[in-house]
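Note that the chains take the letters A, B, C and D in the order they are written out, and that residue 1 is the start of every chain.
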Amino acid sequence: EPALIFDLGGKFDKSFNEAAFRGAERWAEETGGTFRDIELQSEAQREQALRRFAESGSNPIVMTGFAFGDALGQVASDYPDTDFVIIDMVVDAPNVRSVVFNEHEGSYLVGMMAAKASQSGTVGFIGGMDIPLIRKFACGYAQGVKAVNPDATVISNMTGSTPAAWNDPVKGSELTKAQISQGADVVYAAAGGTGVGVLQTAADEDILSIGVDSNQNHLHPGKVLTSMMKRVDNAVFQAMSDGPGMEKGFNVMGLANGGVGYAMDEFNADLVSADMQAAVDAAASQIAAGDLAVHDYTSDDSCPALSF
Amino acid sequence: MEVMPKWAEVTLVPLISLLLAAILSALVILAIGEDPVAAVKLMVTGALGSTYGWGYTLYYATNFLFTGLAVSVAFHAGLFNIGGEGQAMLGGLGVALACLLIPWPHWTLALLGATLAAALFGAAWAAIPAFLQAKRGSHIVITTIMFNFIGAAVLNYVLVNLMRPAGSMDPATARFPEAVHLPTLHDILAPLGISFSKAAPANVTFLIALIACVLVWFLLWRTWLGYEIRSYGKSEPAAKYGGISPTAITMIAMLISGALAGMMAINNVMGEAERLVLNAVEGAGFIGIAVALMGRSHPFGVFLAAILFGFLYQGGAELALWTNIPRELIVVIQALVILFTGALDNMVRMPLERLFLMMRRGNS
Amino acid sequence: MNASDISGRQATAAPAASAAIELKGISKAFGPVQANKDISIRVMPGTIHGIIGENGAGKSTLMSILYGFYKADRGEIFIGGKKTEIPDSQAAIAAGIGMVFQHFKLVENFTVLENIILGAEDGRLLRPSLAKARKTLLELEHEYGLNVDPDAVIEDLGVGMQQRVEILKALYRQADILILDEPTGVLTPAEADQLFRILDRLRAEGKTIILITHKLREIMEATDTVSVMRRGEMTATVKTAETSPAELAELMVGRKVLLRVDKTPATPGKVVLDIKGLRVVDEKGVERLKGIDLQVRAGEILGIAGVAGNGQSELLEVLGGYATGTGVIQVNGQPLDLNGKLADGRARRARSIAHVPEDRQREGLIMDFSAWENTAFGYHRDPGYQSGLLLNNAAIRADTEAKMGRFDVRPPNPALAAKNFSGGNQQKIVLAREIERNPDLLLVGQPTRGVDIGAIEFIHQQIVALRDKGKAILLVSVELEEILALSDRVAVMFDGHIMGERLSSETDEKELGLLMAGVGA
Amino acid sequence: MDFLTLIQLLDSTVRLATPLLLACLAGLFSERAGIFDIGLEGKMLAAAFFSAAIAALTGSVWIGLAAGIAASMAFSLLHGLASITFRGNQLISGVAINFLAAGLTVLIAQDWFSQGGRTPSLMGGARFEPITLPFADALASTPILGPIYAELISGHSILVYVAFAMVPLTWWILFRTRFGLRLRAVGENPAAVDTAGVSVVGLRYAAVMICGVLCGIAGAYLSTALQAGFVKDMSAGRGFIALAALIFAKWRPWYALYATLLFGLFGALETRPDIIQAVLGIKVQGALLGALPYVMTVIILAGFVGKAIPPRAGGQPYVKER
């Protein structure tokens, strides 16, 4: 029986934990299998949950979030017969599959779309907590924007410095309004529950927004330009389907293998012109082919297109 | 001239209150379609049924002991220190700096150094609110709340920009060197022939917390400084009459309080995570308030309350592991325990007192 | 007023059938404490009925039951012959009862007017109520000579004024029955006289008054009948005219009591306390002491008389080290620090100055601390009580036990919290602590406020004994009687000045009363 | 910083200040009556959930508002039970209420909607829409006053106006009515109220209930006016900030307005690092920017406000018989 461990944000964080949960559910639905899961409440429970599941025979054990890296590094070697899958982090152990996403690539694409959709030449980014991962999103986005319009302005705000920053839609709204008053007409939210407020306010104020992680286009039809898809659900689904004895190692989920991308559906069909889509698709295949390099903030803690 | 014998006050009242909280919790569990009996069993065996469970229970309890003692000491001086959260965060920074910057030859020395650093940083974070209270009359409740937020921002800044190993995604410091790893209860008890779970994070800090308990008790009830702290807390006019300096006591009590809160970091940062992460304190500062209030600000009461909350945390984790009970339910259970044992205790005490009075009258 | 006046009138008491108040079999327990045991009492309309009894005898409890503040466990209340349920003060007020509590029930930061209308407002809006009350108040003031500024804030008023507000509160509610619980404990003689004149008028109007007091003189002068309470029981009810102070005192305490202070003439020695040009400005920037010069010699008691609020408290506070001032104070020829680092209570104690503060519950004691912890208070860093950082609890306990024995503190239990002792015994704890230090200078504020006569006798003896050991004593009291009985010299304070000094053997209440009012000198 | 930016900043200030103001006034009623309340946060959260949930189910924001208020009042009742009837510790009761609300809202939300502890997005009549005041459009082009009226004063949800109207109303109730006099008295000296023949318990329950109503409005404002639905923990510490504002305001209604506006302004400034950069001339790093409101609060508190004296009987249960 596989197990899934969510990071502190919880199963329903409107972000990657939730995506992971959907992936596991899809697996359960399609295979009729069952899985265990746990929402952590404290840092100390990371190692605890790993060990408890491993000892009780769960296999594979999937966990979401870079914060597990340290704990898994400690635990993995104690349970050589258990397969672990960690998302968003690399842990070098023979029984671990590490899945990382090139969020900067996906963000680059939606950045391009934002720049193309923007009338004002100013676009916004609203992050949740100020951590490197979110800067990676912001940095990729800004590069995409600049690629289309080098003169464009990218306004970037983080919601806060405590975990409350992931669940403060009111502040998300206010940040959106502040960005609008500075001229932004497209905003990209990578802020968990806070993003709910961003998308809502963008819709209310009649500007475009960009969702994150899963396809959020349907939340405000005709108002959400697109969503930067980070297919954590696929990664989890894949891991559970592969089951024990899966292939281990380092899994990069990028544009090339559909790990990240942008969402197109009936809700945003009218917003995305053929020309826009063509340009973005071209960039996507360039990136996939390795002809276009998008800088990853976390590789050297710097961003060519944006300062924090 | 108490109505109830002391044993009844300290055992019957909390036990019946706990029972009420348990019954209500059971109803909530029932309401969301789970089996309350199984849940309670799971919690008890999970938290207290093995050395593994105890190892986690005691680990959490250690955190709460420090923050609970911190709140208690300030409380005895009539000061409501809500800043345990921020002080513990900064204490973590102190521990991290001590462990990473100084090449300690042995964990014992590292523990000493880290404890000192944690206490110093925690005390420093309490010093400004204390000073503003003493000299400017700025309400300590607001300033300590503000310093919690400021502390979170500082820690975030330091971890994201200064102390994070280059290229790491995780806003956390590097792991501490092997030499400063603290022995767990497993390591400590093994030479005594007691086998204690290896996996559990409870470590030598628990003993330090116990020592802190005793020291706080000793400070408050055996030294003139503690006597002055308690006097000032009970009556400021009397303290002035008695030649006790309000400024000095406010500062001293808050510094001790901050130091205790900061010292929590040797448990969670040095003992468990062995590195400093952003979210290291995770609310223990606030639980400390409940622990101190429930423990009536007495170190022994704080000890019991801390164990109770350790039990709730670990029992809750077990529930989360083996059932589909969402973690919010555990929060609800904690709330009910706090409510019944801490705020609605008179609901139990009043009828009990009447009962004892009747019995006494009947006897005489 | 004049005693014969009153006793002449008492015969008019109405026949038994229509008692204004009748209590039957009232019992009340506070947890294990039986405060009232099966108490019955009848009070005739148009009379003043006195109640006396030692501290803790249950007087206040009984009256609080009548006023609906506490609920009796058993017993019945008849008002005007009719059985009346009084579950709360609302019902008591409706039955025409008003009460002035021993500890005033005023909202400190409200104005007089607001306090008076509280609970007796007309309508939902405040303004009309206040306007109406202002008018009524003016009439009442006029009628009874109870002058107070309706817009003054309570905390700015002296206790005498606060009491007037309490009386006005009752009158405003048109009380026919007025209960006064130790009303004169905080009044000057002039204020007390005025109070009794008012009570007289009220009686003349047919109102019924119950007066609780520890002062036998007041009982004798003002009441028609008097009840004595002891340990929760009503031990006797007698016609005032048919009893004597000595008999009452004996009924109350259960033994013979000395009603005079026994003291020999003083033999003053060298100057211990020398104050020159002392000025004090309080937190609000008001100058409370405006240049005081005083001397107290070894072996004498200097009494400071004055209406409360004329700077006596500040004088004690500066001397005690917890208020700052300017000027020069020398003790045993050495100056005291009035502003700097050594202006604190500990430094004062080190200079052999002991201080029995005016307000024992606020300053003198920590009510939640046990008796033994209180016995060390202020001296807790003295070598006998402490070594290094440690308190020597065992030594303090032993010391406390000895002191409690010598000062006859009841119950003699060092572990009991201060709040569980009666007022008189609380005061004994403070006195024992300060006097037994054998200080060169003892500051005493209101040593017997709210203390029953048995304890007063003892406290006075202790103060005189210290004087006879050759120590200097500065006594502040609003009780002129006490000042005259204890002091060798008297200084009168008025508005931050010393209005004059007299030898107590060469002055009387009348002269001092005038000085206290700011007249003369 | 140009004029329009200033207006926008102030506009944001008003929005951010509104929930703080309502919660602050709520706390004011409770604490003026002598009942300390650190459960403002929890009540606000509960109200945010129930108003959004019921609005989502019924399609009417007004029914939602009523439900939010009812939920908040239910928690008030619990607080009253603990701290008035059973004379328990008011701080513990408040802490418990905060935990209880945080847990229950998500549990119930998940049970009702299965949307991960959220309510569905509110649409149409299930949400409070901004109100355009009369002539706002016509006057908008008038210099200075036009934008102030059209942008700053007009265009908020009805609850904002309710909140601001509550300030004079609260002042009037406290200082001009019999109820207010008694309420203030019971927070200063309950024995005075008791012996004046007024029920201490009744008054305190009334105050606690009013606190519930105002917290209810504050919560409803968060989820049905500022937002279009409930997200877990969405009160995000605003109850604690309101409490700080209450102390800051020395328990006075008009000062409460100023204090919450100040906190609102700090919050608004935090969303505009560009303005801060323009004013200070340096770029403030993100995390430190987040600390700015709190640092400013401490500085102002230490520098200008001085000692705040709480209602004298605050926090202590009224006990007649030991």
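What we mean here is this: a contact is a pair of C-beta atoms (placed from the backbone, for glycine too) under 8 Å apart; a residue touches a chain by one contact, two chains touch by 3 or more.
Chain labels with UniProt names: B = Sugar ABC transporter, permease protein; C = Ribose import ATP-binding protein RbsA; D = Riboflavin import permease protein RfuD.
Keep in mind the model is a prediction, meaning the values are calculated, not measured.
Undergrad: Between which chains do we find the greatest number of C-beta pairs in contact?
TA: After tallying contacts for each pair, the winner is B-D.
Undergrad: Between chain A and chain B, what distance separates the C-alpha centroids? Give it in angstrom.
TA: 35
Undergrad: On a C-alpha centroid basis, what's the spacing between chain C and chain D, in Å?
TA: Computed from C-alpha means, the inter-chain centre distance equals 46 Å.
Undergrad: Determine the centre-to-centre distance between chain B and chain D, using the mean Cα coordinates as centres, and give it in whole Å.
TA: 30
Undergrad: Hey, what residues on chain D touch two or more of the other chains?
TA: Touching at least two other chains: 110, 117, 285, 287, 290-291.
Undergrad: If I count partner chains per residue in chain B, which residues reach a count of at least 2?
TA: Answer for chain B, listing residues that touch two or more other chains: 149, 152-153, 156-157, 160, 326, 330.
Undergrad: Two or more other chains in contact with one residue: find those residues in chain A.
TA: 10-11, 130, 161
Undergrad: For this structure, enumerate the chain pairs that meet the touch criterion.
TA: A-B, A-D, B-C, B-D, C-D
Undergrad: Using the touch rule from the top, collect the residues of chain A that touch chain D in their complex.
TA: Where chain A meets chain D, its residues are 10-14, 18, 130, 155, 157-158, 160-161, 164, 167-171, 173-175, 177-178, 181-182, 193, 196-197, 200, 204, 219, 307-308.
Undergrad: In the complex of these two chains, what residues of chain D are touching chain A?
TA: The touching residues are 4-5, 8, 11-12, 15-16, 19, 110, 115-118, 121, 222, 226-229, 231-234, 236-238, 267-268, 271-274, 283, 285-287, 290-291.
Undergrad: Over in the complex, which chain C residues touch chain B? Could you list them?
TA: For chain C paired with chain B, touching residues are 31-33, 320-322, 344-349, 355, 357, 359, 362-369, 373, 376-378, 380-381, 385-386, 389-391, 393, 420.
Undergrad: Any idea which chain B residues touch chain D in the complex?
TA: Chain B reaches chain D through residues 28, 32, 80, 128, 132, 136-139, 141-143, 145-147, 149-150, 152-154, 156-157, 160-161, 286, 289-290, 293-294, 326, 328-332, 334-336, 338-339, 342-347, 350.
Undergrad: Using the touch rule from the top, collect the residues of chain D that touch chain C in their complex.
TA: 175-182, 184-185, 188-189, 191-199, 312, 320-322
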